[in-house]
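One chain, chain A, appears in both complexes that follow, with chain B as partner in the first and chain C in the second.
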Partner chain A sequence: MTAPIDQHNETKKDVTFRVFRFNPQVDSKPYFDDYTISVERGITVLRSLNYIKEHIDASVSFRAFCQAGICGSCGMRINGLSQLACTTQVWDVLVKSKEPGIIKIEPLRNLPLIKDLIVDMDPLVDKMKHYSNWIDSTMPEASMGQKEFLISEEEFLRYDKATDCILCASCVSECSILRANKEYVSPAVLLKSYRMNVDSRDAIHEPRLAELVKDHGVWDCTHCYRCQEACVKSIPIMDAIHGIREDAIESRGVKDTSGAKHAEAFMSDIEKKGKLIEATLPIRTNGVVWTLQNLLPMAVKMIIKHRTPPPPPLVKSAKGIKVFRELFREMTEHVKQDHKSHKK
Partner chain B sequence: MKRYAYYLSCINESMTKEVDRSIELWQKELGLEFVKLHEGTCCGGSNLDYVSPKHFALVNARNIALAEKMGLDLIVSCNTCLMTIRSAKKKLDETPELKKEVNDILKKEGLEYRGTSQVRHLLWVLVDDVGLDTIRKKVKVPLKKYRIAPFYGCHILRPSTVLGHDNPVDPTSLDQLIEALGGQTIPYKHKNRCCGFHTLLVAEQESLNVAAEALQEAIQAKADFIVTPCPLCHTSLDGYQAKALKHAGVETSIPIFHISEMVGLALGYTEKQLGIKRHIVG
Partner chain C sequence: MKPFDVVIVGGGGAGLYAAMEAMKTNPSLNIAVLSKVYPNRSHTSAAQGGANAALANKAKDDTVEMHIFDTIKGSDYLADQDAVDVLCSEAPKIIRELENMGTPWSRMEDNTIAQRPFGGAGRPRCCYCSDKTGHTILQTLYEQCLKKGVMFFNEYFVLNLSVNGSRSRGLIAMNMKSGKVEAFPARTVIFATGGYAKMYWNRSSNAAGNTGDGQAIAYRSGIPLKDMEFVQFHPTGLRKSGLLITEGARGEGGYLINKDGERFMARYAKEKMELGPRDLVARSIETEILEGRGFDSPAGTYIHLDLTHLGADLIKSRLPQIREMSMQFEGVDPIEEPIPIKPTAHYSMGGIDTDNFGRTVMGGVYAAGECGCVSVHGANRLGGNSLLDILVFGRIAGHTAAQEAGKFESGTISETELKEQLEEIRGIMQSSGHYERYGALREELGQTLALNVGIFRESSLLQKGIQDISELKERFKKVRVFDTSDVFNTNLMQVLELKNMLDLAETVAAGAYARQESRGSHTRVDFPVRDDANWHKHSLATMVNGKVSLGEKPVTMGRYELQERTY
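Right after this comes the complex of A and B.
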């Protein structure tokens, strides 16, 4: 009797890399090329691609440099998921392949394609410029170079994780809203903006925030968490996005934008009824005119189907709302105290 | 009978009433008893957490504490409520000083957040607690004539550090439920993608584009309907479907079902009983 092959003891196997190919100067449409090579356990996708380029087809184009997950150059979609080729092991992705023995390699999404696996990063760089993703120092010019500009450890911890970003654009590639509109700020730029905005040495917090709350900015994020899930450095990107929103509401007020008004409605409704008052949410977010123009046909259909949310007076409060409100307001006092001591 | 505290989601109390109504029809048949948490309040809908992180912690500590008082797990049938309440739980469990601050307030209502009750989705209860074998045995009308596109939605999958039930890249629990009910799942790339709901009032066109993509893939794959465990995804894909597809230049339509309705159909209830006729897309 033959013993079953123990896959865990296997040290080498034939793997097919199905690589996206497209050279806009020559090809009328994209296609895939299959390259089958023998791969040892522990080999990364990048080393495999290097082998293919050196020994099989020199025309396969991709970007790579450090081979150690530091430079962020080799972001690509491996079996559909945006990640770094240099930190992704072949055997790890092979077990998740839809077609046994085949690993599909495609360029990142949401950025223009240059050739094969190479995308144009310029739109991302342009957005980083647009949203001033740098520190404009508050230190007088005369003092620069004379002394260090230190921050507290507590402050650094607020953006420590955000500084881990290597601009690999995996989050950009996975973003739902960017897929729907290429003008959207994008998660990497929001992360960088947050990192700059919470730095006390920065002098352009207000103008940067003013830009972030405009159309295609921070309020357009739809909370899908794809960016955070894809981040190769496990950075909680949504915390940064929510951090900008919290800052926007605090610095610019709850009536600043439709995004802020929409978010604040949850706070006031919970305090009032313990429930969201959905019927008036569109009006409170965007005003009567927008609501009539945009939602009237749907509202008619909803009325026919008995699907309209109840008008505010008919929204039943949560049971025991009076006690709940007391608790809620007590927490409001705590928050006020926090703000006071924070300002001190 | 397995008992659970059942969280009342705002949207299921207003626009998608068919979710709770259909669950009520079949819960006993599957050996489940959901005790409605009438004292529970809105979870903050993935917004309160940044408007006021401390109120967010208080509100959801209280929601969970109400279930803990009954010694029951808290079951949720909206993805965003699930993610939001679980996020608060994670924060409370990891931050003792926040937990203490919140509990000092909660004790005025005779409540305490201890962290003993789990917060789980209805889909997980069906797959893990009732079990696929039991569900298979209970099916009266197998859904074998239907090709079904499983749309999981975001907040039952991501962030995986908070959810952790399915692999967010290739989730399976909803596919398993469909198969146990006798239906046929179709390969569906949008199964783990977004419906665009959370920006419908803020970035409408982007949201509609997101929804349209998910709808078009299911239509092209000739699915009979899309099923989702989330009433917010349902609202985006059903309520806004006509608008989304019109903009995308698509003239056909596709019905969107809640998981509770799909279970009800397989257990022999009619579309009328289950509230399917309340959907915008027939």
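Right after this comes the complex of A and C.
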């Protein structure tokens, strides 16, 4: 590795890399080490880490392989944002540093830590297996290799972007649901599931979808869009998640799961009142028994603190509800039309 | 541990295809894949351009026979013609098989798999998925292996082959997560660890881990390596990083331009121009640079790969990765301005000597892909034939090992053997008397190889290269591992990889020094012509008493007689 120290006559900057350290063999808790090196324009974070490893501290541990943004090994949090070290320019992230001249380097979140910047990828692989993230071809194995499926450019474009995914787990690290629930399917796996589901060669669309609508599945996403914002390949991950949901409602109906019922309840409230009727939302989503079992203690606390939402008859329609209903009707019609033409 | 029937080392295209095929051949077998990275990280993912197969989707008159001829001619007649027959005849079937399993190929207007022109090919027969072909193939294979329930040992670094006389008993590997040295007793072992071109370090397009681990282990176990002197330099590496700009960029119509604004390929390959074979284009660029017609910059002399005339739409739809890489690593948008490039070490034609079934001379040991040498690429590989090679011969090796596993007893690996291995590692890790920095050794190795065993070779340069490598090997004995941890010791792994590269570098330099002719990627300034009378043969490098011993093996000929190779 060439030293990031000058080969060019461009100006250089002293940059401090504040690197997360943890060796489970000796450390009881993580800490940070500071390494200050001189960095010219055009140098990536990975080249800087390589330089630190080769010249200052060989024990700094991270994964790196292709160094060209295609293998996905070097995902890490750089100044708080999950990205690939090999495609991230030092000078670019320096601008976003909270403390001038200091770049903070931390491991990805939401995956078990192994050492320093290395996290365990096995949970992600296990989820790929759980959600059958593969094509189970409609063609029997014995007849493979004889002739091609004929696939239109249009179908190819439906999964083209999704197949850019390099499983770097930046989206996994940024996902706000995973922080609360490690069992959540995770954005990368939803993306792959979507990619498989829209492929006409695949034979297990239904069972895969049935798994996706269960607990910890596609309905748990809260649309925070952080996965999509973090995606190093600029894949519209949320489009994939919405795609699975639309598919689920269309092919499995709105009464299918709590997620679908929740979405349906939202739609009906908005149409009627222009706002939510919160008091009955849990019952309509999860049923009476579940609500009594899970929310009764909270309801009692809310009553004591006078924080209960108003009962349904007291929820007044929002101002301008007539105009709104008209807009709402027009919008839903539009979406339906859109779907029809998309299907074709 | 329960003995395995088949253990595959490496989780790239060859390894995964082998695993899948072995399971298909006999589902009751106990099969495992060991990989030092998660399989989806493997370097197969970096192959952008595509895989050749005479599907005749684009050019209706394309035939397997034409593919065979192009490959043999491209190899400068060093390829074994029976092996090339297998490669090209199996090509259409294997591309369709991948398609049937879900690989997302780009499509033509009639909904068949799209094909594009590639260097050295008489017809447009390179099947692709925009410029992420290798990536999508690797994903498909990984997905299918997960579906089949292939047993993966990810992030295991293989240390040694356990040998009993003329056959293997299995492998010894280090679990990176724990640092433990573990035994993998196995009836059969398939090496599919990729190439060794990373030994050129900064002048290489390869991933950091393409250190020829499988070849080095085989070599130290007495298995011969074949044609190691043939290292392909890709014409278009990015100036600063050596990273690769796919031949697809020229396939789509890119120009190579020197500082006089001249499309200089007209001087070297009048007809094919930029789409001449790789060795020829790389030499042409190097000549332009050496003769002062390159652009000067603080980051080295370079020439231009100009795509600006192709237009924004084509670049965005067909070459998006190229555009991204040019912007990320050179700060250049190819829609607006030409990309600065120079040749970079890219592919190793040489590897573990195998027959057409992937068998080596050692019972129960097989090799496939860039790790092996059948040989289908001879002295120079054609673009689009490497993905094809790993698929076709990965599958064949997997099938053969699964069929033959029953022939070999399941050996056991003794505690003593494990202990010896552990002692060896402890020896490397001890600090007293160890002070050499591995980073420096690695970089010096790359420098001496690029200078003395590079594109243009010559007797005195090669002697210097051999001398340098031998000195580096001495210094390696004093190399220091600073990280003392057992858990995920990447420092130790990099040192062990360096050891592999040093052993192999010796075979590359020795082979290059011995071969007194110019053929394919091997260009001797002091022996500028191909010498069929004396050198139309494979070279074999075997380790004898810790030193390279060179031998030879005849080339299998067939329908095609030796001809001069012009484009």
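Following the convention adopted for this analysis, the second predicted complex is superposed on the first by the 262 of 344 C-alpha atoms of A that agree within 3 Å, B and C clash if a C-alpha of one lies under 4 Å from a C-alpha of the other, contacts with A are read in each partner's own complex, and residues count from 1 in each chain.
Following the convention adopted for this analysis, a contact is a pair of C-beta atoms (placed from the backbone, for glycine too) under 8 Å apart; a residue touches a chain by one contact, two chains touch by 3 or more.
Note that this is a predicted model, so its numbers are computed, not measured.
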Partner chain(s) touched by A:P100 [first = chain B, second = chain C, both, neither]: neither
Partner chain in contact with A:I70 - chain B first, chain C second, else both or neither: second
Contacts of A:Y184 with chain B and chain C, given as first, second, both or neither: first
Touching partner for A:L276 - first (chain B), second (chain C), both, neither: first
First (chain B), second (chain C), both or neither touched by A:P313: neither
Touching partner for A:F266 - first (chain B), second (chain C), both, neither: first
First (chain B), second (chain C), both or neither touched by A:D160: second
Where chain A meets both chain C and chain B, residue numbers: none
Residue ranges of chain B touching chain A (in the complex, touch as defined): 10-11, 13-16, 38-42, 44-55, 58-59, 62, 80, 101, 105-106, 108-109, 154-155, 158-160, 168-170, 193-194, 196-199, 201-207, 209-210, 213, 239-240, 242-243, 277-280
Chain C residues touching chain A - in the complex, by the definition given at the top: 24, 37-38, 40-43, 45-46, 55, 93-94, 96-97, 99-102, 104-107, 109-113, 129-130, 132, 135-136, 139-140, 143-144, 146-147, 154, 177, 201-202, 207-209, 240-241, 243-244, 298-299, 321, 324-325, 328-329, 331, 437-439, 442-443, 481-491
Residues of chain A touching chain C in the complex: 1-2, 7-9, 23-26, 42, 44, 53-55, 57-59, 61-73, 87, 89, 114-115, 118, 120-122, 125, 128-129, 132-137, 139, 141, 144-153, 156, 159-160, 163-164, 166-167, 196, 199, 201-202
List of chain A residues in touch with chain B within their complex: 80-81, 96, 176-177, 179-181, 184, 216, 219-226, 228-229, 236, 238, 242-243, 245-246, 249, 258-259, 262-264, 266-267, 269-270, 274-276, 278-279, 281-282, 285-286, 294, 297-298, 301-302, 305-310, 315-316, 318-320, 323-324, 326-328, 330-332, 334-335, 338
